[in-house]
């Protein structure tokens, strides 16, 4: 595709302790595109995602969003972006609904009815009043995805979203991704297996 | 709001806050914060009764009297405006002498005498050899008014 | 798309308060601690109970300081452990706003609560009624300042498991002026000598930390999160 | 290999540049301190009030000044590291902290020893003394914080931030004698206007001050070199430096 | 296959000590903390400084109690959060042994460390040399008892909602006799009147808790883990 | 296979809150056998494993090990068993080696050299001196497996051990499982996908 790259990273270098983890990574994706990042364990996929979302500052190189460095106006960038890390980022003492209401409420106002419909879509509607500590691993992952969907961000950064999901859950996630992309969204997804997406996805393999 | 606008607001808020803090601190500096009083304030009744505080001043020349039997000392403190009598029992610091600035901790007794339980000698920032001090003293004696505080 | 900051601030405040009330033990911990410490002193001093009255302001202030410090320890740690801090940082809401709201919420559930119960403790320590007003005002100013200072320490020690010792090591030296002026304000209110000076200074410290601390806290969080 | 080049930028240069200076600095410090000690402890006249006890000043005042000076150095170096992301700044800050803490300790101990004959007590909760004690705690806090964060880069930055926050204490220490009615004397030397000390006493004091200052710089350089070697242990230049 | 209990106990002890003193300067932290807390009192009492000496035993004991309680809070919580508590429970080592070793290790890194540095603090507070022996002995007994009591609370708080409240409620009534006798032992040692009675009582409390507390702690952990 | 069942569960029932999670689960495995547990997210796989290892007490039914209830002599049972939960159970402040030394040291004495060789086998040897907090998700999972291997227990209870592992890691895990089973070990493994083990594995599908 020749659409302009909305998100681009250019020659990003990063060290963790003594390890040169990111050795000049460059990438770029345009609206409607997905990039799958893979690589051996410890090759720096999570690190790359954290750099892309602005949590870590690369020691060299730069990340741009719509042509401007994400450091320039981080707030505007963050408003456009949703990140799901390895951890579910749920408060164990709050119920699923409360967790989502607060997490999404930071970005935009959201009605409970809308949240409910997203939870139904992800198959965790019956857990909505459970405290997050009572959820199973897969249910947590689904609630995390519900947060990403509810944020209505145009850029999704997903770190191994398929982990812990059962077959049905993976299917739903694929559908959500497809829908997001066809609506002009962008996604960077870390996964160890081939994502069976209908539309073409570009690939980035990190060397260990 | 552009980032620059935002930064402007932040800077303004900081300036305002720091300004307010400085104003409050200035107001504070007009009040007595430490429990420290000079003889004039004590005479004016500003010092709390039955409460320990610090009093500071100069030991009036010739006011030091020692009771023969024990370590009790009586002397008078002055700030060159008013004087307060002080009673102290204990060992005095080496530098305690007449004309010296001191700080005493203690309470004010009903009869207006300050009962000290600790006496600390103050030293000001002047240093000089003894000969110089002696000659200065001679010339000061020639003049009538006392100006050098710690030098008598 | 940008974020509505005041709406976001309201959401964070709501969240913090809800979390506080969900875990009432954490909410009450500083209070209970405060009550315990102030009752411990009379016990420890049973031999010299007459001293208690004179020591009251000191005891009150030291316990308030420690109670406040104890609870601020987890201000960011809980969020950091379960990954919600990252989400907050990436929410598009300026970190400064997040930090301000979180610290104020902490103060509401710990400091303000402590101010409210302080008359009880004061009575037990034999502080006269007339001094309650000044005492509460000074405690309010002091605990707020402490919340700001403590939050800096909490942000700096966020990643550390056994950080609370280090937190006190960092914060207590910075907090010592507070203690001096706070205790002296209370003391002067008891004896009836003017406490205005100490109160002004406390207010100055409070305003100063309220303006500058959010910057330091946000910077510290950015550093420790990286 | 060349990617390291960006990261290191100046450390090898600084390492090489600082090394040869150390012996000269140490020699100069030794001369000045030697002169100061002899002139101050032997030739300077006794004070009209304190007699010979006043000679503690030749250790107390320089170490007290240096305790403030080292803290400021540490905070400024940390700020440079934070703002411009210059790693050398953090190395300097890390190197300065223990030296400053030692000076603070010396100032406290000599001050206490001096206080006994002068004031009649080793210690009083005077603003100057209290704030100097707090300075010591601040040094401890900065040093422990740096070591507590296991990621060296984060530790550096966190410690730098704490040092910057703590810098408010420095003016408080210096001006405390003016702002509050204190037991500690006011400024004799460190002030505008004429110093309250005759030359025969002042000259050795100034010599000691300069000597301490240069000594501080020399030790700082020495520690900085060690810091740099440790921090850049993976870099090629360090391997070469160690080999030679 | 069965487990060698004494070897396992040694491993747990080693692990706890390593966690406590990951870095050598962590050894110094309780000392500095203790020092700072004790300097807080003179600061807060600036007006009433001469009281300090009379208060010394109280200050010493309250600080010791706080330092001890402050750190016991996380005795099991850290292990529970990262899943290592489950592994400990399933290790084939009796839970009672685990609990005893963990609590003793906690005492070694907090209580014992505190006892070792207490002479320094005592000197600063003006306690005479002659009283140091009694003071240290009483502190050693007292902090060990406190560790046992605190561990019960910590085990209960691992999973329980209203845990910390419970912790304080459990620990306070039990700790107050400790404080009374401890402070009075120190006080009597200072004044030279016999402190044997208070010491015997402290020792009795210590032995009592050392025998019964492990059972209570293990039971509490089993309840909260399920 | 007609070998005697060493581990058996009989009609296990368990409620969590209002949910009847385990509705009469029965199972049994003999030495050399593996049982794969699968089922939708939230169907109770983790709960079942926790019941089997004795962390949770079933409200009805019973778990037996070599013919005796595991409640009878829990210490002896635990000495024979290794459990790897969703969480890696590593102390963030300790290095990998220290973590393993302490975790395994509770069960048996182990030399550092042996631990090293296991770490090499699992491909995380270069991380041995890193604090656990610095590990990537997959590296954590590998270290968890290293702990299980090093314990030399005859019964393995593994909760989604393949999550976060890259292709190479999954392969190594398969080899380890195979080796364990051929040595007469038993394993119960939770996984959402088909485990491609050479030897036959029995299957238990939990209903949601």
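First chain written, first letter: the chains are A, B, C, D, E and F, and each begins at residue 1.
Keep in mind that, in the parts below, contacts are C-beta pairs under 8 Å (C-beta built on N, C-alpha and C of every residue); 3 or more make two chains touch, one makes a residue touch a chain.
Quick caveat, the model's predicted, so the values are computed rather than measured.
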item	value
Minimum number of chain-to-chain touching steps separating chain A from chain C	1
Between D-E and B-D, the pair with more C-beta contacts	B-D
Fraction-based call for chain F against chain A, same above half, different below	same
Chain of greatest Cα-centre distance to chain D	F
Distance from chain D to chain A - Cα centre to Cα centre, in angstrom	49
Where chain A and chain F are represented by their mean Cα positions, the distance between them in whole Å	30
Centroid distance [mean C-alpha coordinates] between chain F and chain B, Å	75
Distance between the centres, which are taken as Cα means, of chain E and chain A, whole angstrom	46
Chain B: positions in contact with at least two other chains	29, 33-35, 51, 118
Contacts with 2+ other chains: residues of chain E	19, 26, 29, 32, 36, 39, 43, 46-49, 78
Shared interface positions of chain A, touching two or more other chains	16-17, 75
Of all residues in chain A, those that touch chain F in their complex	16-17, 38-42, 45-46, 86, 123-124, 127, 130, 134-139, 141-142, 160, 163-169, 192
Chain A-facing residues of chain C, complex	1-4, 7-8, 11-12, 14-15, 18-19, 22-23, 78, 82-84, 86-94, 225-226
Touching residues on chain E, where the partner in the complex is chain C	19-20, 26, 29-30, 32-33, 36-37, 39-41, 43-48, 51, 54-55, 57-58, 61-62, 65-66, 70-71, 74, 78, 81, 157, 161-166, 168-169, 172, 176, 179-180, 182-184, 187
Chain E partner contacts - residues on chain F that touch it in the complex	53-57, 75-76, 78-81, 83, 85, 87-94, 98, 101-103, 105-109
Touching residues (chain side chain D, partner chain E) in the complex	125, 130, 133, 137, 140, 143-144, 147-148
